[in-house]
Structure formats: C-alpha cells, structure tokens
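Scroll down for the structure; my scribbles are underneath it.
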Amino acid sequence: MKFAKTLAALALGAMAGIALAVPAMSQDGKLIVIITPSHDNPFFAAEAEGARSKAEELGYSTQVYSHDDDANKQNQLIDSAIAAGAAAIILDNAGADASVAAVQKAKDAGIPSFLIDREINATGVAVAQIVSNNYQGATLGAEAFVEAMGEAGNYVELTGRESDTNAGIRSSGYHDVIDQYPDLVMVAQQSANWSQTEAFTKMESILQANPDIKGVIAGNDTMAMGALAALEAAGRSDVIVVGFDGSNDVRDAIISGKVTATVLQPAYRQAQWAVELADKYLKEGSTGMDEKISMDCVLIDASNAEQLETFALAE
Amino acid sequence: MSGIVLSARNITKAFPGTVALQDVDFDVHAGAVNVLIGENGAGKSTLMKILAGVERPTLGSLTMEGEPVSFSSIRDAAGKGIGIVFQELNLCPNLSVTENIFLGRDITRAGFHIDRAAQKRRAAELVAKLEHDIDPDALVGDLMIGEQQIVEIAKALAEDARVLIMDEPTSALSASEVEVLFKVIGELKRAGVAIIYISHRLEELIRIGDHFTVLRDGRLAASAPRSEVSIPWIIEKMLGAGEVVAKRPPAAPPGPPLLEVQNLTLPRRGQGLAVDDVSVSFRPGEITAIYGLLGAGRTELFESLYGLRSGATGSVRLGGEELAGRSVNRRMKAGLLLVPEDRQRDGLLQNLSVGGNLGIASMGRFTRFFSISRAAETPLLSQVISQLHIKTAGPDAPITSLSGGNQQKVVIGKSLLTQPRVLLLDEPSRGIDIGAKAEVFSTMRDLADQGLAIVYTTSDLKETHAVADRILVMAYGRITADLRAEEASDEALVRASTHKIDEPELA
Amino acid sequence: MSTVSATLKTAPAGNASALLLVLKLRTFIALIAVTLFFALMAPNFVSVANAVIISKHVAINAILAIGMTYVILTGGIDLSVGSIVGLTGMVAGGLLVHGIPLPMLGVIVYPNVIEVVLISLLVGTAIGAINGLLVTKLGVAPFIATLGTLYVARGAALLLSGGATFSNLVGRPELENQGFPVIGSGTVLGVPVSVIILIIMALVAAYVAQRTPFGRKVYAVGGNERAAALSGVRVDRVKIAVYMISGFCAAVVGLIVSSQLVASHPASGNTFELNAIAAAVLGGTSLSGGRGLIGGTIIGAFVIGVLSDGLVMMGVSEFWQMVIKGLVIIAAVVLDQLQRRLAANTRQG
C-alpha cells in the first residue's frame, strides 16, 4: 500500500511530496535530533525508525534527517539541531575524521551526542559511541560458512567498496577464520561496491572462469542477493551463500534454503539503546557506561530467520 | 595643407586561390579624410586590414613618416598610432563603456592594479570630446547602436591615434548621429589626425572626403583629390567596363504574378524597421535582382518571406495561398524556397555526403514505407548533379571535398529537388570564383525559363545587369526603385541604394 | 620499369591510407585485441557459455548506448538514462508486487507481465519526452535538462518504495502475472532473451539511422541545425524524438536489470549513463554531433564489456579496472583526433 500511496503522491506532484516530507513535531517534550546517512537504505531507515520510536515512547519530540554521507551537509544539520535547541543528538556519522568538529560544536553548545554504527577518531567529544562489532560479526559468518562448506572446497569472496573501512574489517574477519582451513581455497576475490547489479555481473563472469566453486561469501546482503541471482541464472542451486547485514531479502532466502546464513547488525536495537542512554544521561547526568560500547552481531540462519524483521530480532 | 603620414607601395596580398590585392599604392594624408571606395570584394577590407596590422602583405612595403614599418599585430599597429573602427562593432556587451575602451590596455598601477578612477576619468573625457553624454559605467549592451559606435571610436582614440580607419561608420547611425560623427571627424582633422574613411554612401563621401582612392577587383582604379571628383566619376571608376557574364534573354515572357507581398514589415531588434512596409510581386519566368548595400534589409526581407522571422507582419501569397504565419515547412511545401547567403553556416551539412545534402529537403520524394529508397533516390540525385553541372565524384562523396562554387550549387540543387515555384537566392555569387558565378547565373536563367520565379540579392552592380530582367533597389528596409533591367542606369541604382527616407526624393 | 616507378610514387599515399584504414577500424581492432589478450590470459575465457555471458552483460550497456548515440548525434547528451533504468525497474517491480490500487472501487488491479512491460516502457519514453520538451521548447541546455531529470527520476524511484527493494518479482499464479524473469534469464535456442532484444534493437536502430528520412534528419540536425531548419527539417520534433528513443532504451534496460535480479532496487542504474556515453564515444560518435554509427557504438560497448569481464576473470582489482577503462576511453578519443587530422591531410595532399 505504501507503493500505491507514493504512486498517488507522485502523480499529485511535488506538493504532496513536500507534505509527506514535513517532519513530525510535537510542541511539548524535549527534542531529540536523529541524523543517519540516508533514508533510502533499509538499514539506515531501521536505525532512524528505532531511534524515533524509542524517543517518542519516552516522551521526546523528534526530528529525523539524513546527511547522505556528506560531511558538509552533516555539519549544517548539526547547526540546525543547535539552533532548534535539541536536548540530544543521535548520529550515524559521515566520516571518522570529518565528523569530529561537528560533534565538538554540538558539545560546545551543550548538546550531548550519541553515536551509533560508526565511530569517530576522537574520544571525550561524544557521550557514547555504540558500534556493532563488525569483526566479531564477520567471524560468526565465516564460522557458519566454514561449517556449511565442510571445511573444504573452492570459494569466492565479494567485498564491499574497497575504500570503505567496514569492507576491510569484514574481509579480515572472514579470512582470520577461513584461512585456518587449508582445504578452503579462495579462487576469486572481487569488489562489487556493495551493489546488487555489480555483484550479479561479476559473479556471472567469475562462474565462467571458475565453474568449480562451492561457496560465495559476500561483504553485505545486497551483494549476496546479486550473487544468488547469478547462481540461479546459471542453475547452480548447490552453491553456499553467506551474507552480512540481516536484510529481509536474505532472511527470506534463508527461510527458502537458498542462502545459508547472514550476520545481523542490530541496527534497530542499537539506535534504541542510544536513545535509552541519552534519556538516562539527560535525567541522571551520566550513562553509567564507558564512552565506547561495542555491540555484538548475531548470526542469522535457518534456526532464527523467522524472528528477523527489518534489522530487529524479535525477543 | 598636409603631409603624407602613412604610405603603402606595391601592396599585393594573395590568399590561397585568389589574389585580393595586386600592386596597390595608397597614401594617407594627415589632417584629411582619405576616402577608400570600391564594390564588395574590391579589396578595401584587405587593404584596411593590412594598414591596421591584422593581415600582412604578401609583397610591398609600408612607410610611416618616411620610415619603413611593418606591423606584427593589431596591437603593434595601434602602438604606432593607427586605430581602427570596425564595421561590425567589436565590443563586449557585458562590460561597461570604460572597460571596453581600456580592454587589453588597462591603465594600471604597479603593472597589475587597475586604476579604475583614472580610466573612468579618461573615458569620460573621450566621450565628452565626441560630444556624447554616455555614462562611462553603463553597460555597452544597454546602449543604442549609434552610441556603441561612439564608444568604438573613443576606444580607437584612447591611444592617441594619428591614423584612424573607419569602416562604414555610418551604416548603423541615424541622420543626427551622422552629423555628430562628421563634426567629430572635422575636429580630428583639425587636430592633424589622418582619417581613412570607407563607405558606400557616395553623397557622404563627396561631402567630407579630401582625397579619393578607388579600388576595383583588387587593383588601384583611380586616385584623385576632392576637386577632381564627382559622383559619376566615382561610379565609373568603381565599376569599370565589361560584363561578368554574357546575358541571355528570357525564353518566354513572364506569367501573371505568382508571389504577392503586401505591407510586409519587420521590426529591427532594438528600434526601427528592418523591412519597412514592402509591397511587391514576382512573376514566373522572370529573374529579379534586389540590389542594395549591406544592412539595407534584403536578407531580412527574404527571411521574412520564408517564415524565419516571427516578428514579420503583412501578407505573403503564393499562387493565391496565404502563407503569413505558416512554418518554414509549410512554405516549402507551397513551393517557396530560400537559398541562404552564408552556405557554410546555413546551407551545408558538413557531416553528410553530397547526396545527403541534396536530398535533405525533399526526402518525401524518395521515401517508401518509412525508408529511403536508394532506387528512387539515385536517379533524382544524378539528374540534379548533371543539371547543375556539379563537379563531384558522385552522390556519396563528402560535401567537404567540393569547391566553393560546387558547394553553392549543391545548396541550390537541394532547393530544386523540392520542386519550388519561387526561388529566393540570397547573394548566390558570394565567395565563388568567376567561372562558377557564370554557371550559377546560367542555371538561374534555365530555372526561370522552366517557369520558376527567381529572386536574388546582390551587392554587385555588374551582377544585377548580368542576369536580371528586373531590378529592385532596397535601402533602409524599403524598396526605393523598381526598374526594368534595360532602363536601369548604374547611377540611378547607386543613388537609390543610398536613398534615405528623410531626404528629399531623388529623380 | 613504369610499374615500378608507379608503385614507388603511390607508396607514401598507400601508407597513409593504410594507416587511415587502421585508425578507422580502431574500435574493431581494439575489440579483437582485448579478446585475444583475455583468451590467452584469463581462464576459460574462450567458451560459448562465456560469450553468452559477456553478450548478456554488454546488452545492458549497449541498449542504453543506442539511445545515447541518437541523442549525441543531434548534438545533445542524456544524463538521465541511469536514473530511468532505476525508475522503470521500480515501476515494473511495484506493479508486479503491489498492483494498481483503485481506492474508489476498493480493488487492486494486477496488470499481467505484458502490461507491466508496456507501462514501464511508457514511463521511460515519457521521461524522454520531458527531456526533449525541456531542451527544445524551454531551451534548457541538454546537459542541464537531463541532469535535472537524473535527480527527479532517481528521487521518484526511491519514493516508490521508500528506498526499499521490491524483491521476488516472479508473480503469483492467482494474479496471473507470472513470467517476468523471462526477460532477464530466459533463453531462445540458448541465446539469452536480453541478447536477442539487443540484436533486434541494434538492427532496427542502425536501419533507422542509415536508411530512413528520420535518420537523415538526426544527422542533419547534429551537423548543422540552422541549415537543417532552413531545409524544412522540424528540428524540435527530431530532438524530442531522440530523447524519447533514449528514454525507451533506458526503460528496456530497466526491465532487463530488474528481471535478471528478480528484484528491483531504486539505486540500480547508478552511473550507467557514463558507461553508455563511453561506449558511444569509443565507437566513434562525436560529442559535437552529426558523426557516429550505431554499429560503432555496439562495438564500443563490446570493448568495454569484454574488458570488464576479462579483468574480473583474471582477478584484477576493481581499482585497476577503473584505471584501465579510463585509459582506453582517452586512447579512443586521441586516435579519433589523429584519424581526423590524417584524413584532412590526405584530402588536401
């Protein structure tokens, strides 16, 4: 129905679009500003939604923005948050170095920042930095992969954008586990830039060069889905696929037996936790925890896939 | 009263394929107006460009006050005291009057800091000297054409020119602006500046000229002081004797009027009228020449007839069908066709073959089931290629492989394939050699004999007599004469071409 | 004796024209060269299956490049094609998954696959028409007009799902809308449907460009817009038509991509426009308009495709792939300049 609504909105023109885009404002209660990289990626959308729902549950008003991975835009959004007199900022930042000054500016204005998903290269600036343990998650995924492969066989790795820190961390997490098994041989390693289309075409080519593969391990779920489509097009239902993120698409593929496992970054829960910490900090003057908080990832496989919904695992 | 400040001896300038100037001597007298006269293509502009340092002579020498000189560039010539006011204004409309005057030679402090105050003061002085009240800070684009001309002159004077070349300075000016200009010229003369003055307006020349030099076909035709000069003398020297092309009489008498134009008017950009209430008709089998000076409104008349000027009002009827307000395409289908003057810019498709160019306006004639039928196309193309004697390796040869004359014939051939009833040719002989001209004119006669109404424009008097059955003269957007070719004397045509509306009627 | 001297005389001219021929066929020679290179260097490169896979990958870029070539031939550019790929894919995906709800009737209409395809093609063509109208009637520079629609179409694609993916586009038997994956993964006699679509579209596009009045007009508008107008060509109509063709081609690609993945993602098609422009330029299309062939563009697309796939099969890193692709494009343009200079010289001499 969302599709239908949007179709109608588009048809009605920009006016309707603007109406939908106006942030929800409530007059009473303190303001929490939530800034995430984008709203078109379900992962970041889950972050924003988790933070927003928890904040409203706790009686705060909210403003939700995205900085599109643009440090400059992030800076402007922080300025707006300061001007709006925000009580706290929940931020998935636009760059480990580029974001320090912006967070410092908020601190100087007396607004505490609670960082989620990504760290900044400074301590004592933000009140809390909650990050998923990508490395720990990758080792979980790799262990599931090794087990499904039976500790032997040729495999392919699709990595994320090579300039992205998480792409590197996940890849090293995979290899620290997989490389302990000499019978597992990586025959191809390609970057598919986190993209489904690119993963599809590259997987097709890799299959041509190396028809004898037994498994694919991908740096995120989007690429895992692209690889899966290529494998299905080639009639290769025997290949083991492991992803990372815990998207609904991969969850469905796990349920139908096409994908072995993925690793959930609990984006929704993480954002909620950040809001809870902010609430505690605003009321008691302290979160009662260290600034740097590492949140473990969860392996999703056939046993728990049913409980997964938009980056949140039902309890 | 005056010494010779600059003199040119035995100047010859050759371009690939043509010799623009041959063995020309020219003396420039200080404190006098040195008039240079000649038809279009006689070599006036080339000589002027050599004097101003734009071009270098192939042979010959220049001496300035007894010293041999050579100019490496227009800046070099300007540094030696030679200024030039071009016919097409060379001003930047987006810059102010002051900025234009000092463009490229800013008054600076320490070599880089522009001294705006000094520039503005000097600009105001120059403009005041020219008796004009133009704000030095005004944008040139906001000025009237006449005022822009004044800025252009101020620009030339800014460098204390001893020789000032003016190419058709009055072509865009109103009568009162012309008077101001003449006053300025008088003052410059008294200050000892030598003026080289180029114009087609014979009355003007007789009024202000001191020394006259006439060029014809790149050669010096005559040179004389004012006391020995009269308008008939100028015309005689300018045109010389002899015909360009042997004239062929029409095969049959012309038919009843085919293209009828009533009260056609086109506003000029800014102010005034480019075409001023023109009513005229053209008949099949007749060749009509429209003679006039640059800017007389001939091209604008053609473009209005062809539907390219949306501002045009009035009635255009072809065979009784009203065409006013119709698109180019509709007018073409009705049988009206324009062969544009600038074939490089408006006529040719450089990326297509000869055949592609010929067929582009008439593809409907060889389209079968949405496709171009080679079988239907080839005979049509071959026919027009042989009819016009186009020298080409074949329809598939690139258009760029053809000579200028043959390219012109391709543009005409393209029009013919649309099976027009009225053909408008804007300066059909521009930029092609004499042999090609003869062929183009002969083709025009053939087409008229086949029942087309042919109308062409020209700035060359000889070419009017050479082909036309009837000669119209345009000046200031109006038709000032409509004569049978045999009744039209050169003098009558030249006088009609400079005939201004606010002047008394000339006999 | 006479033959010898004649040969000697013509020798230099012969060398020049041989070089000219090599330069003219440069894209084709480049294609053969990269193919031979990978045949030697990449494992399993030479096989029917791999040729099929490469053709499938090339089809996506080549179909976009066909439309792009038409636009560039008129002297324009279409930056919006990548976004149209994304949007039309989303339209198709949305129609298959959610149908068209008619709230006043209280029903949801699920169009069948043929109707989904037609609607998506219509959407792409309509955006092309908007591009054309902006360029002609409103006089917006093509670069700016299509840059604008690039953003609008991408935004619309994201809005359709709120940024989410429409997945599992297989249709449901009870809705009678099955069969969508055939476009992307079906085959006829072993040839993928997308490759067949490419072949048909390339043949039609080449025919239209070379053998129809419309094609002539496209070249005429790109060669000299004023002269074309004076010859009675309705320049505006031709321009609107080429942008519509480009939008249509982009819609075809949008359908193929989402059908291959059996999912439509709003970000798909991102930067596809650059690959399409690269293919056209590599194939000898002049960005100033009026010069270029559909055949050249197809070969250009194959050079890029063989290069990308071959490098992946060799296991070359993504960074080097980008460097190599860029160098090939620069080399193509340099050789193009060289050819034109040489051609001009031979003509004069």
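Order of writing sets the labels: A, B and C. Residues in every chain begin at 1.
Assume contacts are C-beta pairs under 8 Å (C-beta built on N, C-alpha and C of every residue); 3 or more make two chains touch, one makes a residue touch a chain.
Computed from a predicted structure; not experimentally measured.
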{"item": "Overall pattern in which the protein chains touch one another (line/ring/star/complete/other)", "value": "line"}
{"item": "Furthest chain, CA centroid comparison against chain B", "value": "A"}
{"item": "Chain nearest the overall C-alpha centroid of the shown protein atoms", "value": "C"}
{"item": "Separation of mean Cα positions, chain C and chain A [Å, integer]", "value": "34"}
{"item": "Gap in Å, rounded to a whole number, between the CA centres of chain B and chain A", "value": "71"}
{"item": "Chain B and chain C: spacing of chain centres that average the CA atoms, whole Å", "value": "46"}
{"item": "Footprint of chain C on chain B - complex, ascending", "value": "306, 308, 327-329, 332-333, 338, 340, 345-352, 356, 359-361, 363-364, 367, 370-372, 400-401, 414, 418"}
{"item": "Footprint of chain A on chain C - complex, ascending", "value": "42-45, 47, 49-50, 53-54, 56-57, 94, 97-98, 100-101, 108, 156, 158-168, 184-185, 257, 260-263, 265-270, 308-309, 312-315, 317-319"}
{"item": "Contact set on chain C toward chain B in their complex", "value": "207, 211-214, 216-217, 219-220, 222-224, 226-234, 290-291, 347"}
{"item": "Chain A - residues contacting chain C, complex", "value": "1-4, 6-7, 9-10, 17, 38-42, 45, 162, 188-191, 193, 195-197, 200-202, 204-211, 222, 225-226, 229, 232-233, 248-249, 252"}
